[in-house]
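Okay, so chain A shows up in both of these, paired with chain B first and chain C after.
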Partner chain A sequence: MRRDLLVYGGAVLVAVLVGLALAAGGGAAPDVAGRALWDGMFGSPYAFGSALNTTAVLALIATGFTIAHRAGLVNVGGEGQMALGGIAATAVGVSLPAGTPAVLALTALLIAGFAGGALWAGVAAWLRVRRGVNEVITTLLLNFVGLCLVLLAVHEEALLRQPVTSADTLPQSEPLVEAARLPLLGPPESPATIAIVLAAVSVIVAALLLRHTATGTRLTAVGMSEPAAARLGLPVGRLQAGSLAVAGGLAGVAGATLIATVPYVLAEHFTSGYGFTGLVVGLLARGSLTAVAGISLAFGLLASGGINLQLAAGVPAASVQVVQSVLIICVAGAVIFRKGAAR
Partner chain B sequence: MEPALELTGVGKTFGEVRALDAVDLTVRAGEVHCVLGENGAGKSTLCNLVFGSAALDEGEMRLYGAPYRPRRPAEALRLGVAMVHQHFSLVPELTVGENLLLAERARLRPPDLTGRVKAIEEEYGLAVDLAAPVAGLPVGERQSVEIVKCLLRDPRLLLLDEPTAVLGPAEVRALLATCRRVAETGRAVVLVTHKLGEVERAGDAATVLRGGKVAGSGPLAGFSRDELVRLMVGRELADLDPLLAAGLDATEAPAPRTPRETAGEPVARLRGLRLRSDHGPDVLDGVDLELRAGEIVGVAGVEGNGQSELVAVLSGALSADEGVFELDGVDLTRAAPAVRTAAGLGVIPEDRHHEGCVTGMSVAENLFLGRLREFRRFGLLDRKAMRAGAARAVAEHGIRASGPDAPLHTLSGGNQQKVVVARELALDPLRLLIAAQPTRGLDIGAVDAVLTRVRDAAARGAAVLVVSSELAELLTLCDRVMVAYRGRLLGPVAPDAPGARDEIGKLMLGAAT
Partner chain C sequence: MSAFAELVDGGVRLAIPLLVASAGELVSERAGVLNMSVEGIMLTGAFAGAVGAHTTGSASAGLLCALVAGLLAAALQAVLSVTLRADQIVTGVAANALALGATTYGARLYFTEGRTVPGFDPVALPLLSDIPVIGPALFDQSVLGYGCVLLTVLLAVLFGRRTGFGLAVTAIGADAETADRSGLPVNAVRFGAVLLVGVTSALAGAHLALADVHAFTDNLTAGAGYLAVAAVIAGRWRAWPTLAACAFFGLAQALQFAAPAFGIHLPTAVLVMSPYLLAVVAVSGLVGASRAPAGLTRPFAREARA
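Coming up: the complex of A and B.
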């Protein structure tokens, strides 16, 4: 435990130093860059609110990753599953009749998102369980198919593209009906939606499921020893497929929350790589849902801080991604190093 | 003359386990030196140190007088130390000649190989067919290839780690004769084993390890058999269960189990079970067997003759291509493992770590993984009830663990196996128990506990099928012994019949057919 803190602390320290060096290279004094980053995280209700929205997306994906990982599967398909969840949510969100009550509309939207992501992960799950195809490869490749489906959907009028009225019509969907938009949390000027509540509930339910239910124990057994679990009569295939589908479903919900937030449309590249960042959160958390919550928040804050870093201090926002990468290399490297030493 | 290999005060620690402690060992050139000890006594660690697979923590080693501290096997080989491993390292797809050339890298050209192998054949009487593909060779011949591979390097010291574990009786005799001949050419041979019978046939001197320490050493002529047993296990031979003594090969003819007066009704039927293989002959070639209530049936045989696959087919890990497996008249040939368990089939799998248990999970979780449904309360898992149930099983089976929540990997191998046995015997009803190599790798106390449980299961009316490579164990435990040979079951042999051991030995090598 103390060692873990040491590792995480050391990684953060190295990352901060690299970040300062990058800021200096970008022509910003350390204190200016630091203030810009801080302001971007906590400086305004807007900054903090958008950080929370990002946090929610990352936490949903990382929670799904952790559930599948417990059963021994590595889901690298968050991006594609988000895409499909987003498409499904849009399809529901633009076609609901105007008078639908918000509760109903939102429920339908989220269920559609979950179903879209789960179906997409289900393809990989089916291939894994029935055909023995490695899920890392299938989920990864399905990402690209999923992203292309978004392009197709927003470019085809027969699908989800808004009616083309002039040459300037953007390739995106119509905006969602009023009732299907995620309500704001409340604080003035904050864009934070109830997505963060949704994510928190998911993390807590997943933690309960994994630690305190028979299903969680079975998933752990399957993840640790497939042959032993099979010998003891556990439905190995069903557990694996189910966990991967839930992982996809949660990524799909993440996609749906992105669609149901400003500007309420399905557009090209709406997933913005969150699927991969969520995967990284899941990897760094190493099976702990507490860590999923903490790291998601840190990454969400860093993302919104990075934007302000560019706006206020003129340091490229990409430097925040560099800092994140350094963080990942440090933590992952420390884990591998310690495993190697223990051998 | 300087000793070929000399260890002084050698110690090795793995984590918190003291594998070797102040070990002294002197091996002279021209002798067969036996390193004796139970499983877990430190024999394998000793081999690894000498062959350079592990580095020693303290003490020193000398090879023919020179300080010796190999950092990797390649270095040991260069200095003239060769080792025959317990598990062979041959490429089955290649021929014998190709395998030998592979081991020699570029130092030997194919025309020279024939001459060298010929010379080895003349010197040691060890013949191998260079053109034969390894895949088609019986285990004994594969081992000959391994030994030739070592001798090609003209080693000064030859290490053999449990070389007889996979051999039939006649092959064991041939191997020991080879060891003698190698020693007679002035090389040193170290034979690592836990079988006393072999030691007496081949050894000049012995070093006995117990719990990582040297319990005794000296010329074999100076030890009586009883004394060796006492040194190995720390108890008198007379105090040992005859079964355990048999496991050590310490007594020639173990007292067989009294056969059951009246065999019960048939419980399980195996008819024409066949398992095809993508390459080569069928792995199971029509297995027929009937198991009666209260009866213990043994399956002997050299490893690789289909016995592992038979267990896999019966437990549901593999699916038979033909044939029927019935339990109480219910066809289970293609049933899922859960259905088999419900029908009363208990399985103690051959590979504990692979499918017997989940070592990362706790004792309680391992005991109840298949029946978690019974421990549900308000939709959540009732850990308290699981803990209580596990505590009962731990007490009843004498499992040594720090508690029901202890992860299984903190338990010794014997106690892990007791957990598996406890779980399988808890089945209600238990109609058929399949135990595959139930005592492999266990210390004597655990062997005793496990076998007692197996006997109890039979006494309570279950049919029991024991697959084991320990012939002596089968002879004392079983009512009849079948012999697996090339995918079929030969026999039965009655364990109490005179000459049962030789009869089984013949069947194992296919000599009786």
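Coming up: the complex of A and C.
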């Protein structure tokens, strides 16, 4: 435990130092850069609200990652699963009749998102269980296919592209019907939607599932030793496939929440790397859902702060990306210094 | 130039960086180290090459900078995945994010006016370049392009399946413990293999920046590094199929631009996704058995007992 604290503390220290160096390189004094970062996180209801929306997306993906990881699987495919979830959610969200009650519309949207993501992860799960293909490679490759499917969907009128009326028609879908848009949480000028509530519920349910149910114990058993679990009579294949599908499903829901927030359309690159960041959150949290919640919030705040860092202090927003990756590399690289570190 | 010749020309131009990068990655993966960071090292190489060429005004100096930067980036990856036994996929993806962030940041600060840089111009080989269609495509490359192909051939010969080097690498990737007991320096070879990936990936990146577009733009590589890794997987860890995969990926990319000339109206997205789809099919074992090196992504430490 003490070593863990040392590693995390050291990693954060290194990351902060790198951040300061980058801010100085960008020509901003530390206090100016710090001020801009802080304002971008907590300075306005808008900034904090968008940070919460990002947090929700990351937490959903990282929760799914943690569930699959408990069964010994590494889901690198969050990005592609988000993409498929987003496509499915858009397909539902633009075609619902106008008078649909919001509760029904939102439920349909989220279920579609879950199904899209679960289906995409299901491909990798099937290959893993039936043919023993390493899920890391398949989920990674399927990311790129999924992102291309978004490209395809928004460029083809036969699929989800809005009707082309002039040369200026953007390659994106029609906006979702009113009822399928995520309601805002309430505070004025805050873009925060109920996605954060959804994410919080998922984290809590997943924590209870993994810790207090027979399914959780079975998943842990499979994760610790497949042969031993099989000898105990556990349905190893079904548990693994199920956990990976749930991971994909949660990533799909994350994609659906992105579609159902402003500007309510499916567009190219709407996943914008959240899938990979969510994976990183899951890895850093190392199986603890409390850590998932905390790290998601920290990364969500950092992302929002980074945008303001560029706007207010003129430091390229890319520096936040650098700081995050330095953090990951330090934590991942210190694995042999941690006693009994689970790999 | 006919549409067909243009397609072949574009395909070869896009395939060369993939080819050289996957040649290094193939050796490394056969030794048991998966470098997701090919993408990041390529980007680093492209950026360093562009900065070097821009500062000195000489493309060769730029190439040197690219190689040094590539080696440094690869050394970081090697320390992480071989010495510190960190998760190779995680650190690889993180290294890519780091490279993307750092080069974007660096480019903002460095390239304040214009992003074009001096580069390598094509040198047409006499006679050979007069062969119709494949002549201009294959034998009208830059010095850097020829260098990439030459290095690829060299690596293929040196690390073939029947040479001493090749056997040693395969043995280490298949079963590190046994290889170690039989006296092979497992971690030294793996470290070297990652450094080799640094050289080949940096060359690939430099080719993109200095011989192809003659400029540096944010995220110049745009996934080419992942394609190189996908080519090795799609080629099922064998040299010839990997070469074929690279050629196919290059042509698929070139077809995006050439398709209208053939009257083919495939959506771009279908062409962009085809390499990845092909790689998925290849690893899924739907067409023949796929044999990944048994020790791929498994770090080795002598005292470790599984």
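Note that the second predicted complex is superposed on the first by the 337 of 343 C-alpha atoms of A that agree within 3 Å, B and C clash if a C-alpha of one lies under 4 Å from a C-alpha of the other, contacts with A are read in each partner's own complex, and residues count from 1 in each chain.
The definition used in the following text is that a residue touches a chain if its C-beta (ideal position, glycine included) is under 8 Å from a C-beta of that chain, and two chains touch if they have at least 3 such contacts.
Being a predicted model, the structure only gives us computed values, none of them experimental.
Using the contact criterion defined above for the overlaid structures, shared-chain residue A:G233 touches chain B, although it does not reach chain C. With both structures placed on the common chain, the touch criterion links A:S44 to neither chain B nor chain C.
Contacts of A:L152 after superposition: chain C is touched, whereas chain B is not reached. Look at A:S288: by the touch rule set out above, it reaches neither chain B nor chain C. Looking at the shared chain after the overlay, A:L22 reaches chain C, while chain B stays out of its contact range. Judged by the touch definition given at the top, the superposed model places A:S272 against neither chain B nor chain C.
Once the two complexes are laid over each other on the shared chain, residue contacts for A:T100 go to neither chain B nor chain C.
In the superposition on chain A, A:Q162 makes contact with neither chain B nor chain C.
For chain A, the partner that touches more of its residues is C, with chain B and chain C as the two candidates. Per the touch definition, chain A reaches chain C in the complex via residues 22, 25-26, 74, 76, 127, 131, 133-134, 136-138, 140-142, 144-145, 148-149, 151-152, 155-156, 276, 279-280, 283, 316, 318-322, 324-326, 328-329, 332-336, 343.
By the touch rule above, chain B contacts chain A in their complex via residues 315-317, 336-341, 347, 349, 354-361, 365, 369-370, 372-373, 375-376, 379-381, 383. The touching residues of chain C, when paired with chain A in their complex, are 36, 76, 79-80, 84-87, 89-91, 93-95, 97-98, 100-102, 104-105, 108-109, 223, 226, 230, 233, 267-270, 272-273, 276-277, 279-280, 283-285, 290, 292, 297. Chain contact summary for the complex, chain A toward chain B: residues 208, 212-214, 216-218, 220-221, 224-225, 227-235.
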